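Can you keep this structure in mind? I'll have questions shortly.
Lettered A, B, C, D and E in written order, each chain numbered from 1.
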Amino acid sequence: MISHLEDVIVQTVGRILIPFIQVYGLYVITHGHHSPGGGFQGGVILGASFILLCVAYDINEAKRRMTEKVDTVFCSLGLIIYSGIGVICLVLGGSYLNYSKLYRILPVNPIDARSMGILGIEIGVGITVMAVMISIFLDLASRGEHEEGLE
Amino acid sequence: MEFILTKYHYWIYIVLMMIGFYAMIGKRNLVKKIVGMNIFQTAIILYFISTGAKRGATIPIVEHGQGGAMHAIHAVHYVNPLPHVLMLTAIVVMVSTFGVALALIIMLYRRYKTLEEDEILELRK
Amino acid sequence: MTTSPFPILIIVVPLISAFLVPVIGWWRKGLCYPLVIGALSLSVFSSIFILRMVMGQGTIHYYLGNWAPPWGIEYVIDHLNAFVAIIVSVISLIIAIGSKRNVEQELPEKIVYFYCLFLLHVTGLLGIVVTGDMFNLYVFLEIASLAGYALIAIGEDGAPFASFNYMIYGTIGACFYLLSVGYLYVVTGSLNMGDLSQILPDLYHSKVVLMAFAFFIVGVGLKMALFPLHVWLPDAYTYAPSAVTALVAPLMTKVGAYVMIRIVFTVFKPYFSLELIPATAILSWVAIVAILFGCILALGQTDLKRMLAYVLIAEVGYITLGVGLANRAGLTGAILHILNDALMMAGLFLVVGAIVYKGGLRNIHQLRWLHRKMPITMAAFTVTALSVIGIPPTCGFFSKWYLVLGAINANRWLFAAILLISSLLNAILFFRVIENVYFEPARYAHNGGIHEETSRDEAPLSMLIPILVVAAGILSLGILSGEIVSNIIRFAVPGDL
Amino acid sequence: MKLLALLAVCATGVLLIYGTVDMPDWGDPHAPASIHVSPRYIEKAMEETAVPNMVTSVLADYRGYDTLGETAVIFTAAMACILLIRRRRK
Amino acid sequence: MEVVPSIRPLLAIAVSALAAFLILLTGERRRNMRELWTILASLTKFSIVASMIPTLLAGKVIECTIISLSPGIALQFRVDAFGIFFATLASVLWIATSIYSIGYMRGLKAHAQTRYFFCFAFALNGALGVAFAGNLLTLFIFYEILTIATFPLVAHKETPEAIRGGRKYLAYLLTGAALVFFSMGLTYHLTGTLDFVGGGFLRGHGSNSILRLLFATFILGFGTKAALMPIHEWLPTAMVAPTPVSALLHAVAVVKAGVFCVLRVVLYVFGPQLLSDLNLWLILAYFAAFTVIVSGMLALAQDNLKRRLAFSTINNLAIIIMGAALLSPSAITGGIFHIAGHGFMKITLFFVAGAISVKTHKENVSELDGIGRMMPLTMGSFAIGAMGIAGTPPLVGFISKWYLCLGSLEAKEIVFLFVLLTSALLDIAYFFPIIYRSFFNRPKEQGNSGFNEASMLMVIPLTVCAIISIILGIAPDAFFHFFQVATLAAKSILGIG
C-alpha cells in the first residue's frame, strides 16, 4: 500500500497542534452549559485530533496511542456512562434519566443535580462520539485492512 | 408578492430536497446516490431550523450566564431551541447513515471493482 | 403517569446489553450469546408484565426524565403497543435461540458484532413500538434501520448491493417521515402523539396536515414494503444470512404496519382518515393489488427464500387491507394478522435456516427426500404453510376470517373474493413445495416403504425446539384467537370505529 | 427510468410546495411552533435545570432520551462499519 | 328439547387424533403394534358414539362447548339425531375399513403405510367433527381437516397420475371451501350467529336476492365435496387412490360429509320454511334429479369397475340430496336413512373391487369373466350390494327408496317418483352385467379357476357389511336404531312432535 509520506513540517505542526485541539475539545464538551457546544461537537473535535495524528504520521502510530480494542471499549464506555446515569436515576426512585434524583448522592440541590447529570451525559456522549469517529475513520480510510496503513 | 416574500425560503429547501431526491432515485452511480442522500437530509435540516426562527430574536442562550435567572426571560427574545435540538440529532443520524453507506460502497467496490449500478447488475448476471 | 420501571426496562435492558456485547466480546467470545438471550428474555418478561398491567389498569403513561408531555418524551402503552411489544420481543428471542447455529456456521468470525447489531435492531423495533413521541420514533426507526442494513449486507453474494438499495429506499422513507413530522410541527408546535391528536382536529382542513399525512403514509409504506414501494424487499431478504432474514422478515414489516395503524387511527382521528380524505379507500385498493401481486410473483419463484419474500409482500397487503377497510372486524383482522404473520414468517424462515444449515438447497425442486432427512422440521413447515394458506384451525385462518368479515361488512365483496383467491394461490404455492417434500418418484413406490437412499439427519435441538414452539403457537393461537380478540384486540381497536 | 424518476420528483416537489401554502411566515414570533411548546424551554430552562444554554438543557434533559437514542445511532454506525469491512488480523 | 352437557363428543373425536399420533410414534418398525392402535381406536370410537345413542333416543341433545372462537361463535359440539346418525355410520364403517385396509395394504406391500394409517385416523377425526359440529365455524374447521387429511390418501401411490388426481381433488375442494368460507362470513354478517337450529335461522334476515346468492354459494361450496353433477369431476379421478380409501371416500367420510353438510345447510341453516318461501327447494331438487339421471347413464359407459362405482356413488348422493330437497317428512327420513344404507352397500362393493384387484390385479369389468366361481363369497356379497343399491327388497336400499317415493308423493311432485324409478332401472342396468359375467361366463384363460378367495382380513369385513345390509333391510332398527334416529331427525327438522 502507499507508504505514508515523511513530511517534517506536517508532523511537527501536527505534534504541536494536537494537544491544543484536544484541550479545546474538552473545553467544548464541558462548556456546553454556557456556550454553543456539548458532547457531540467536543467529541468530534477530539476525534479530529486523532485523525490528524493518523494523517500526519500513519495509522500504526495512531493505533499505538489507541488500539482498536481500547477504541471499541471507549465506544461502549461513553454510552454505558450515559445509560448508567439513567439507571442510577431509576435506582434512586426517579424515572429513567430523571437527574434531579441525583441530589441524593451528590452534594447539591435537585436543580443543580440536573445540571450535574447533564454534564455527566455530555461527557459520556463526548467519549462515544470521539471513539466512533476514530473507528469509522480508520475503517473507511484503510478499507478495513488496518495493517496496510492509509491510502 | 407578500405571500412569496414570506414563503419563498420553504420553496428553496424543497427544491434542494428534490435535487437530492432525484439524485437518489435517478442517478446510476452509487456515490452520486449517497451525495443526493446528504443533500436531501441537509435540506430537511434547513427546513427544520427555519421553523425555529423568530424576527429580532437571539440565540437560545441566556445572557450573562448564571445571572440570567435574575431578570425575567421572554420567549420572544430567543429563537425556538427545539428545532436545533432535533436537528442535532438528525445531523448525527445523517452522519451515521453516511458512514454505513460508505462502508457498503467499499464492500461493493471490493467485490465488483466498480460503482456504476448498471455494471454491477451486469456482473451479477 | 406510572413509576413502575417496566416500560423503560423493555428498551433499556437490550440497549445496555448491546453496549456491553463488544466489551465482553473482546474478553470472552462465548459470553455474548448468553448475554443476548438473557437480555431478550428479560425484555420478554417485562413486556408480558406490561401487558398484564395494561389489561389491569388501562393505558400506561411513563414520563422519561419526569418531564410531563408535550415538553418531555413519554411512553404511552395501550393494548396495541403492549400486544405488538410482546410479539416483537418473543419472536426475537425465539429467533435468537433458533439461529445460533446458523450464525456460527455462516459468520464464524463476526459473532460479536453480529449479536451487538442484532440487539440494537431489536431495541430499535421495541423503541418504535412503545414510544409516544413522533421524533423519538424517528430516532429508534433509524437505529433499527441502520442495524438492519448492516445485518443484511453481510449475507451471500449480492447482499451488499441489495442492502445498498434497501438503504436508499429506507432513507427516503425515513426522510419523508421526518419531513412530515416537520410539517406537523410547524403548524402545531408539538411532537407528542397524544398532544397532536388533541390539536390536529382544528387543522384538518389545512393543506400542511394533508401533505403531512400523505408523506407519513409514503414513508411508512417504504419501510413496510407496501406494494409499489416494495422493490427493495425481495433481494434484501433473499441474500441476507438466514439468521438475519428470520429476524428481519417477521418483525420489520409488522412494526411498520403498527406505525401505520398508529398514525392513521391515533395521531389522526378516523374522522380525518375516513371522511375527510379517501385515504383508507386508496389504502385498501393498494393492498388488494399488493396481495395479488405478491401471490402471483411468488408463483414464479424457484428459490424458496425469494418465494417467501414475495409471500411476505402479500401478507403486508393483508394487514394494510385490514387498515384500509377501517371497520372493527377489518382492523381486528389486521392486528390479529400482525401476530399471526409474525409467527408464520418466523416459522418459515427458521425452517429455511434449518434446511440451509443441513446443507440443503433452497431451490424448491431440490427439496425431495427432505421429509425423510428432517421429518420434524418438515412437519412444522407443513403446519406453518397450512396456516399461511388459511386452513383452520391454524391461526392464519382466523385473521382471514376477520378480514373477510370486514370486507363483507364494508360491502366490498370484491375484496372478500380477492382474499379467498389469494388463499387459493397460496395453496398452489405451498402444496407445490409440500408435494416436492413428501412424495417420492414413482419408482420407489411399493417396495415396502424401505428406503436406503437418505438416512435421517434432523436439525440440531437448538433449532428444532424454536421451530416446534412456533408450530405449536400457530396451532394453539388459532384456537385461542377468540380469547386474544376479546381480551386484547377489542380494546386496541379505536372506539369510534 | 430517468424520466420516471424525474416525474416522481416533480410530483413530490409540487405536493410539498402545495403543502407550504398554509405554513406560517418566516420568523413569525406567533407561529404555532413558537407559542405552543417551546416557550417553556426558553423561560423555565434556567430555573428548572440551571443551564443557561437552552439547547443543551433541552438536548440533554427535556429530550435527553432522544440524545441517548442518537448516541446509540452512531454507536450502531460504528459497529456496522466494523462488521462490514474490518478484516481479521492475519 | 333438553340439553345434556357432556364431554363424550370431544372424546369421540379426540380418540382418533390420539391414535393418529400413536401410529406416527410407533412407525414402520412395529407394524402390528401400529395396526393394533388403529383397531383399538376404531372400537373405542364406536363404543363412545354408541353410548350416546340412548340419550338421543330419549329426545335429549348432548352439548359440549370448548372455547369461544370469535365473538358469538364458540368451538361447540352439539350432538343431535342427525349428527349421531352420521357419526354412528362413520365409526362402524371405520372398524370394517381399518380391518380391511390392513389386509389390503399388506397384500400390496404398499409403501409409507404409517402415513396412510395416520391420515386415515385423522380423516375420521374430521368426519366425526363434522358430524358433531354445533355451528358452521366448527363444521368448517373439521371439514377442512378432513379435506387436508384425505389429500395424502388420494395421492398415496405417488405415481404421476395419483399426484394429478390429488391436485385435482385439492383444487376442487379448496375452491369449494373458499366459497363456503365466503358464505359463512355472509351468514354471520346477516344474522350475527352461526349456530345450527332445526328448521333454520336465516329466515327474516337479508333480502331475498342476497339469500338466493347465499344459497347458491353454499350449495356450490359443499356440493363440490358432495360431487353434485357439474362439479363432480374430481371424484372419478380420485379413483387412483387405494381401494380402502375410495371406500372411505365414497361410502363414509368425504362425500358423505359433503352430503351431510349440504343437508345441514338446507335443513338447519335455511330451513324448509325459508326454502319454500324462496322456491329454492324445487330448483335444488331438479338439480339433484338431473344429476341422478346423468350420472346413472355415465356409469353405464365406464369399463373400469371403480369408476363405475364412483358414478353410482354420485347417483346415490344426488338421490339423498333430492330427498332432503323435497322437504316432506318421509322424503327427509328416506334421504337420511339412505346415507346409512348406501354407506353399507357401497362399502361392500368397493371392498369387493379391492379384493379382486389385490387377488387378480383385474380392474376392468370386461375382465371379470368367471371371477364368481373363483371367489364366490366376494362376488356373492357384491351381488347383494348391487341388488341393494338397485332397491330390490328385502335389502336396505329398498327401505330408503320406498320412503323417498312416498316422500315425492307427499310433496305432490310425481316427476321425482319417475326419476327414482329410472335411477333404479339404471342401477340394475349397470350392475347386472357384472354379476352375470362373473358367475355365468366362463373365464377366458383357464387355470386359476377354482376356489381361490382373497385373504380373510379382506373377505370377512366385506361379507359382514353385506350381511348387515340385508339385516338392515329386514329390520331397519337393528343394532344402531338407524331408522328411528332418521325419523327423529326428520321430525326435529320439520318441527313435528
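We adopt the following convention: a contact is a pair of C-beta atoms (placed from the backbone, for glycine too) under 8 Å apart; a residue touches a chain by one contact, two chains touch by 3 or more.
Only a predicted model underlies this, so the values are computations on that prediction, with no experimental measurement involved.
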Intersection of the contact lists for subunit B and subunit E:
C
Farthest CA centroid from subunit C: chain E
C-D compared against B-C, more contacting pairs:
C-D
Centroid comparison with subunit A (C-alpha atoms), farthest chain
E
Need the CA-centroid distance for the pair subunit B / subunit D, whole Å please.
9
Subunit D and subunit E have mean C-alpha positions lying a whole-number Å distance apart equal to 69
Counting only Cα atoms for the centres, state how far subunit A is from subunit D in Å.
22
Tell me, which residues of subunit A touch at least two other chains?
34-36, 72, 75-76, 79, 83, 86, 96-97, 99, 136, 139-140, 143-144
Would you pick out the residues of subunit E that each touch at least 2 other chains?
none
Give me the residue numbers in subunit B that touch at least two other chains, ranges are fine.
17, 21, 25, 51, 61, 65, 82-83, 86, 88-89, 92-93, 96-97, 99-100, 103-104, 106-107, 110
All pairs of touching chains, please: list them by chain label.
A-B, A-C, A-D, B-C, B-D, C-D, C-E
Please output the residues of subunit B touching subunit C within their complex, sorted ascending.
17, 21, 24-25, 30, 33, 37, 40-41, 44, 47-48, 51, 82-83, 86, 89-90, 93, 96-97, 100-101, 103-105, 107-108, 111, 120, 124
Of all residues in subunit E, those that touch subunit C in their complex:
28, 66-71, 73-75, 108-114, 137, 140-141, 144-145, 148, 152, 155, 157-160, 163, 167, 170, 174-175, 178-179, 181-182, 185-186, 188-189
Provide the residue numbers of subunit D that touch subunit C in the complex, in ascending order.
15-16, 18-24, 31-38, 40-41, 61-66, 68-70, 72-73, 75-77, 79-80, 82-84, 88
Tell me, which parts of subunit B touch subunit A in their complex?
59, 61, 65, 88, 92, 99, 102-103, 106, 110
In the complex of these two chains, what residues of subunit A are touching subunit D?
32-36, 38-39, 72, 75-76, 78-79, 82-83, 86, 96-97, 99, 111-112, 114-115, 117-118, 121-122, 124-125, 128-129, 131-132, 135-136, 139-140, 143-147
